[in-house]
Amino acid sequence: MSIEVRGLSFGYKDFRLSIERLRLENRKVTSIVGRNGAGKSTFLKCLAGVVPVPKQSLFLDGRDLASLRVGERARLISYVPQELTLALNYSVLDFVLMGRAAFISPFSVPSREDLQTAGEALHFVGLEGFEKRDFSQLSSGERRLVLIARTMAQSAEILLLDEPTTFLDPKHEIEVMNLCRKLALDKGKTVIVTLHNLDMAVKYSDAMIFMKKGKVVAFGKPDEVLNADLLEQVYDIPMAIVPYNGKKIILR
Amino acid sequence: MRNKKAKILTALLFLLPFLLTMASLSIGRFHIPPKDMGRTIIQAISPSAGPKVSTAYRDILFRIRLPRLLLALMAGAALSISGASLQALFKNPLVNEYILGISFGAAFGAALSLVFLGKNFPAQIAAFVFALGAVLAVLLISGRSESHTVSLLLTGVIVSAFFQALLSLVEFFANPYALQSLFFWLLGSLSLATWKDLSISLPIMAVGVVALIMMRWRLNVLSLSEEEAKSMGVHVRREKLLVILLTSMITAAATAVAGVIGWIGLIVPHLVRMMVGADNRKVIPLSAALGASVLIIADDITRVAATFEIPIGILTSIIGIPFFIILLRRSRKVWL
Amino acid sequence: MSPRKKARAVLILFSLALAGHPVFSFQSSGKSSPQITDSLGRNVVLPARADKVLSLQPEITRIVIALGAGERLVGVDYFILKHDHLFPIIFPEGRKLPAVSNTPEDMNFEMVMKLGPDIIFISPTELQMVDSLQGKVQRPVVALASMGSFDKLLEEIKLVGRILGREERAAELVNDFLSRIEAVRKSVSSIPPGKKPRVYMSFWGSLTRTPVTYEPVDTAGGINCAAGILPAYLGTIATIVQLEQIVTWQPDVFLVQGNYPPRERPVTVEDVLLDKRFGSLPAVRNKKVFYTFGYWYWWDPAEVLVETLYLARLFYPEVAAPVSLETEGNEIFKKYYGIEGGFSSLCRVLECGRWDAE
């Protein structure tokens, strides 16, 4: 399942996303980094099909993303938004079950298979036993995990996560990023995340996309593309990369 | 243990409307001795069984009480399930089934029919048509806007106000004697329902209620943000429209025959959510069941309390509000 | 000027100002201004002369005409002009009168000022409106309605007679009314209570709306099934009963309001006779379902008189009547309105010929 961008141009009134050519690796974790307003979330939304995608710009295995029907696309790509607006206090299991929507007709209820898939997803993220808890009783970190479980229940090949680690404490940050790697390695999913935390991105991604003002400035393996000049260009402040214990630490 | 208790409660709630209907057949100002009740029912099926009972019993049971009870059952279910569905759809606990302009659209249609067509045309049809017309107006005006939910609600308020103004205009110019029946109907009444009225409105309500019950799980998904639901493979606009049309259809059918009965569509779904939680797989069908029971009980009270008709909207709030307060104190967190 | 002179000047100016104010009228000619108490319990000071009358209460309008003061009317209300079929019969010139309001809430104050009435009659629907009207136009406003009582109706006739200076005529009409009512009462007095027909009335366009009091029925020797029930709104006389209650009552006679023009009747006699829910009623089984006039913005004195006679004949066909209803009706209308064949005209409009009584 390869994702290819060929001349994506999408914009709002004051902002334009413009990506010439990009080929994303499958079964890998790719992180998109950049300043606020660089277009990270917008790019993700385009991939997810949540905003109207221009034709002939995004291709999935050669097929035009814009031509896919809603149900088809949902089985291939799943998306977790940045903000969670939940109106009703569903139980954890009910929440995860919603991810099965693409497989259930509007007039049916979830089957035993659906329930099983949801249960497995919860297990994978480490929240088995949480089924009957109300959503409001969960901590931020647990809510994120439940969201990821829901995305998993959707059984799509490609998972798009918009800033999954923002607002999480360091422990949960690591937990979520570990989960992303596990999804790519064990389940063979293609995981694309947008991140603010550069260290995390460097440590956990197989590939990184640096964006600035709606354009892709650099793309490649962290080891290959990362350098101080690039960082200064993307973030507009001087940064230094310091090796420490075999890892790279980024200093501002 | 909580699970078993919940299961018993659920079963009871489903059974209640039917038990109440049967019991309510024997309630009323006209006293029918119990054994004559049995005989009347049997003789309806096989006319020659046993000595003939008074025709009054037959008229009372099958022409006055039964249609009224069936209307209470169906309208109670329809209004409650509509309220519950729209609350989930709009993610708003203050929404009721009349929010898209149905009550005033129906009232205006009925008034128009009474004034210009008089006896020649049953006002219920005009009421139904204009109620749906109001909803269509709301859908067309709010169109493809960015925050669809908010604009639907706002447009609903505006369209309601518009029809209310038109209604006042009709009232202004019409012969006050011609519009008398309208005012009572506006307060809600199950009293004048005939089999003829019900023959059209009951099937419409039944179809809509069943369809909404079938969509009960889908409403969980539709209560998420439009972005999320779309990314999960749901045709959000299309399915939202379907729910709106179904709820409008059954609310209009109920209102056309029984008038405007307030509070049921707002309170019953909340009562159910407080008891069983937010999952619409349970909330939707239980709202229908509880709504039916509440309306039957309210109607029973109306029928025995006095010789005159107490507008049923008043009773539904009198019954509903204390229950609401009791449950509010010991309820779980449902709305976020 | 010295302080004392100043004070006196101020005092004189002050009294002159007060004397000019209409409420504090010191221009009394020795006798006190006449006052009456209206239906709302308000004391209203009457004008010296009532040459221009604005009547916004149809019942009073009809009384004004019956008192022979129709030409004093400068304005009427919307109902009597647009929806009253009796008005053009008893006062054809009335068609040219302007309609000042539809309901008490939508008074056209400027029009009232322009018409310059000496007195205004209004329906006692809303106390605040009545007082505010009087305050705004600075003319006496009298709120009157019979509220479905013969006594009050007669009081009204006397009161309006006094206001218009037609006391003699008023007395004439009141005496005539009372004597005819007495005659009816006497003719049915010998009927024992057990034999009196139990009557149910469907008024106001609905099977279930019925008046808790209807004197014509009582006077004619009938028993109102709905007597004593709580009215739908306090201060009115209508109530809404359950359909089942009507069947429980098993009325002997079922009356339907006939004052609606024939093609606009929401409830008809045929409807009742064909309604399967009423199959067990004695009224339906014996085909004793009839039209009667009923209220039409309260009463018309002549019409309600004839209605009482009509009902007596309906309930007790065996009690002989000296003349036919039509003859007696026309006689009454001639006495009250000075027109020929008034009752016959009304019957034509309402198609009384099909009312199944003579």
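A, B and C label the chains in the order they appear, each numbered from 1.
Here is the rule we use: a residue touches a chain if its C-beta (ideal position, glycine included) is under 8 Å from a C-beta of that chain, and two chains touch if they have at least 3 such contacts.
Since we're looking at a predicted model, the values are computed, not measured.
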Point out which chain occupies the most central position, where each centre is the mean of Cα atoms. B
Maximum distance between Cα centroids and chain C occurs for chain A
Need the CA-centroid distance for the pair chain A / chain B, whole Å please. 44
Roughly how many whole angstrom separate the Cα centroids of chain B and chain C? 41
Length of the line joining the C-alpha centres of chain A and chain C, rounded to whole Å: 80
Which of the residues in chain B come into contact with chain C in the complex? 28-30, 54-56, 59-60, 63-65, 114, 118-119, 172-173, 175-178, 180-181, 184, 191-192, 194, 302-303, 306-309
Residue numbers of chain A touching chain B in their complex, please. 45, 48-50, 70-71, 73-75, 77-79, 81, 85-91, 94, 97-99, 101-104, 106-110, 134-136, 154
What does chain C use to touch chain B in their complex? 79, 82-83, 102-103, 106, 204-209, 226, 229-230, 232, 239-245, 247-248, 250, 259-260, 263-266, 268, 276-280, 296
Residues of chain B defined as touching chain A within the complex: 88, 91-92, 211, 214-218, 220-221, 223-225, 227-235, 239, 242, 277-279, 281, 332-336
